[in-house]
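Think of it as A, B, C, D, E and F in the order they're written, each chain with its own count starting at 1.
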């Protein structure tokens, strides 16, 4: 039950984009077309899940036993950056189609604060290993949901008479704001 | 008998009362006819005559230049006044032959009558049809000789004779069916022979019950079956009619050939009969003159090339306050800016209206009525937006090229958006981009 | 001391581990690709912001190298990056003849007659589909499709209903030429100082009836300069502008409708 | 030097320098950070238990910590209980004090919460909510007073004020306290902890 | 590359290349920590600290680093400074560090910082990089200040914690919540673009 | 040519008589019974809210049209009037008028005009306004008054759903009787209380085909099923589906707000998903969420899915190969 709650909360309630404001750059940047938004979302979900695993290992096997909490930032980011790069090269080698669909989004993710945020928040909440994995996966799905919905809306707004100055990021942020309002309906559902 | 039909579509006011009982009248040939070299789908014909030459009635004056073309014939006998660009109902000036009518209707001597047309083989029928310059009289003016030459790999099993006349106001096809039922059925039989099909179906809307009864009764003598279809626009659009009668769907971007069908208008069937039986070339056609701006609405058989002015004059002239003149029906017809254009092979009607109020346009409120009524299953509002916001590849994806421009969407749009105009714009832009790319 | 040693060692080990991992990966997993992509990628800001519409700097680099997007497509990098990218791609801006778009119509509101009340969509192409809003079916319709496509602000719609090109701003990109459904615009060398201001292929009487500034194919200009001007489809056509200098051949300015002549400030002079 | 070697060397070096550097900085700040955390808890205890001079950690679970508080003369001043539970949005960590008789709540303060700012977050700083926690009857279960009242006199000893439009957060705080009291009683009953000062001293 | 005057190098960060309004970088912290002016400024300063120092370091070591490990090395440099900022805040500004939560560590992935290293410091002299970093930081702080002022004034009726709107004013709680942050920033971006287009046209 | 020149326009030359203003006016007429009921139950407070919302909405719209140099026609197409009316109807009777005005400005400005005005918005404008108010001023938005027809001299008063959620009304046996909900003699937002008045208008909308019947049908179906399961399992803990349908903003939401054409899907499969989604989410929020009522959130939430739904379930083009699934 606890695990389900963590998952649902990460998807709908404490959504990375709409609640924590993490990963706004790709959320705005890659939400112009549904197809790329789906790919981006899946890539983020993938990386988030791996990050959750690896960062948990580092944190609980190296940092905490040696009381090195302050190395979290450096080590997490180093791990994430290298890992993403490795995964990218790996996918590229073994499956060009998969690379086209997912891989090209990977570099963008390295400096995406959602990934780093995930590692830090999971560490902060002192989740167990399984909880961390679920949290990572759920957060990725939450990100995917938000970015795909946003992409659908933006494709539609391409065909709307949005005032010139608001086109692009401006209207996208306003939509995100209203989406945040709409997602409010879920709060309190798990407590 | 249960009526057959297709999904979606609309039912606009029929408005056929004023002409439905008016028998076809022969319009007296005018002093002067203007015969455009381009009246059909495909390439224009090449003029065969020069200024000053004498021509016979029915004599070929324009030669088809390619496969997708049709020859053009003199609709009066007399002298060639000029060969020059002239206003044309489709909007752009077209090279046309102007003839002065000598009033004698001297028939072209090379017409040959046949005793046993049903014994002709397909090639003979096609040749006759081609020589006579027959094109589809139901709308698109597609060269009939081409249509009855199915590709080898696409066997035809069914000929459909389109007697729907689903356009409001128009009644010329109905009058043809009432007055020339045998010619139509015989023409249909020739088409069947030419295409090698097994059967002929005739579809007639259930508001033309009398025509149905008449044809149904005569059909027994030919291998034709007559069906009632629901009165609904655009029942006569060929893809929808095929669906209604056979339940077959013509694939996207395909032709009736692809499902083994050929569709011909009733007028075309009659023209085929005339061409094969008597050698008569296509120089006249039936049309409806109506609308609240026409003093005496009529059904006429008019010579090709008769200026609209002469046609309306014969119907008592048009009212002072007429500000909209349409060639064709109200749903698909083309507005004309003046009456200085000739009747062409595709002219199924001439309608004159007084001041339909220009409607205010609103933004699309996505009510979905256009979607609900589109007989092709398209999303007109989306197509319109894609064209408006210049996303042509998307427009193509969403089926802009499948639109038959029937106008059902725009008819039902409460926001009064010129959907068809947008979609046509998109289709043209897509096609011209494609042409550019392939060039 | 261990207090300092352990973290230092940990970080050193991590650094070593991952750099080794990366090196191995580079060796084993490297996929060959156009080296230009890498080079372009290196000059990009690497903000991976996605502002260019691609999924990141690398994807943008690929797109540039494949010619899908212009060198200046990275909004973050600005013109410096654009120049660097262009340099890598070897785009030449060198020795081509400077061209410019020009308008071949003088069918102003006064000169060309209207063709009934057009109630359709207000674009040239849409109007053209229904035969246009003017009786001349070759002339400019004045809804400014061309003006709207010009990215460089080089065109505006004049009061007389004809587009006006600001030659200083025109980059000869040709977008307007493509946009016009009636081929009113033509691309010409900047140095060409004579032009036929009409596209009508109507015969003289018709042409004159619908527009008083139309070329009526009278042939005066052809007689003045038979080497460089011909009549084609009832329209004068300049075959070699270099041979005509209006200063030396004043006869061509005798055109009764002034539809051939030197460049003018305004269409209806 | 080959590229690969250079790559390895540079990144290792960067790691080395950074690690050493950070270790140094951490050494300088570590104590203060620990002090800050400690101070926060002490401050909270001071707020909820009067005259507390000596803090003794007597029981610890992840979400439930009990401190025994002695006054300057070594007598039992009360208990400070730190408890964590779920709020409206996320976890709430609070601290409340009991007097020496364990029959009265002496005060409550919120240590950590992430309720909605402006609404649920008022549990942390809304005076009418916090100050009315003093002298609540801890023998039975506490209940909520809705709508809220202005003065403490209007509340029954077993009642606490609601925050308007944040009923849920108020209720969650209440539930955490009620649950903690029950747990405390259970622990005493099972003699896992003792509140007798003498005995403690004897240990 | 045309070298700009030092002044121009600095000024561009304020408006023409303002990281938030013009480049849309660093939006996450911009949205997350601008509920109150104080956290906004603190975040701005912390970011400035990291940005400036890491620019200096990157500009001075740029020649030594092979391209393949460029990003990894820069990130380690940045992360080290972030850790320092984090530790210092925790040690000396504990309440602010609590309020900023995980967003201080997240400076490490603030796209502004890595973006500037890549786009500027790795190609320019130490001095220039310093000015550029200073300009970008000022632009970032400016943006945070504008956004947080609007949000705090409307959302709480206060500025830097001081009551300024009078008692008649009912705070718009939405402004301190995510929805308000998004909508306000969206409108600000619109206004920025509007001004930009107006000034461009009048040129 | 000397003779007259006619109109040049694209086919078709016939148009149906229905138009956007006519549709909008039908909705306004359909709302009138509920407006009348609200004025009857809440008197001056209702009138005040209506006037301030309508005026503020119209003014905001006018200002935007003026700034964007658009024709003022859309001021009179009736859509703003509906937004104003519906916003007012979903406000509690105690709300001060300046807050109502803020809500109206947000509804029209942020809910509609920033997207480009009529037809371009993604979210239901009235609900954007309401959600803004609810989040900005939660206290003011949850302070209720009994209708004047109930002789209760309370300053505040719990709504039927509030009762259910926070006072455990089922267990206590204090659940508002269905009959009271039906006539509207109870607390709540001014326009939502009278079920009969809302249904009367809904009947008009459905018979005139102004709204798509599938939307309210789907919502009611999903909510009935959802709450029904719990009710059957535990009638002493959960309220009946009938209660859930008649209480709160469900009817006004299902018939007047979820049916807004601009913000609902176009094709029937998408419509069903949208409607069922709303119904289920209302049930979730009411039974398990932090709020007593979830109609507003549910509609806004499903609004975000509409563009995707419209893309995913686009109709099959005649002759297109059937999707093999």
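Heads up, the rule we're going with is that a contact is a pair of C-beta atoms (placed from the backbone, for glycine too) under 8 Å apart; a residue touches a chain by one contact, two chains touch by 3 or more.
Since the model is a prediction, treat every value here as computed from it, not as a measurement.
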Contacts common to subunit B and subunit C (chain labels): A, F
Which of A-E and A-B has more C-beta pairs touching across its chains: A-E
Identity of the chain that, by mean CA position, is farthest from subunit E: B
Longest centre-to-centre distance from subunit C, chain (CA-based): D
Between subunit C and subunit E, centroid-to-centroid distance (C-alpha), Å: 39
Geometric centre distance via CA averages, subunit F-subunit D, whole Å: 44
Interchain centroid distance [CA atoms averaged], subunit B/subunit F, Å: 49
Multi-chain contact residues (two or more partners), subunit A: 25, 28-29, 70-71, 74, 78, 82, 85, 110-111, 161, 163, 166, 171, 174, 178, 181, 184, 187-188, 191
Sequence positions of subunit B contacting 2 or more other chains: 323, 334-335, 337-338, 363, 382, 418, 421, 424
Per-residue multi-chain contacts in subunit C, two or more chains: 6-7, 10-11, 14-15, 18-19, 22, 26, 47-49, 51, 115-117, 119-121, 126, 129-131
Contact pairs between chains, per stated definition: A-B, A-C, A-D, A-E, A-F, B-C, B-F, C-D, C-E, C-F, D-E, D-F, E-F
Residues of subunit A that touch subunit F when the two form their complex: 34, 148-149, 152-153, 155-157, 160-163, 166, 171, 174-175, 178-179, 181-189, 191
Contact set on subunit E toward subunit C in their complex: 1-2, 17, 23-25, 67-69, 71-72, 76, 111, 114-115, 118-119
Interfacial residue positions of subunit C with respect to subunit F in the complex: 114-121, 126, 129-131, 133
Residue ranges of subunit B touching subunit C (in the complex, touch as defined): 84-85, 90-93, 323, 334-335, 337-338, 358, 418, 421-422, 424-425, 428-429, 436
Residues of subunit F defined as touching subunit B within the complex: 1, 3-16, 18-23, 73-74, 77, 79, 116-120, 212, 261-262, 264, 266-267, 314-321
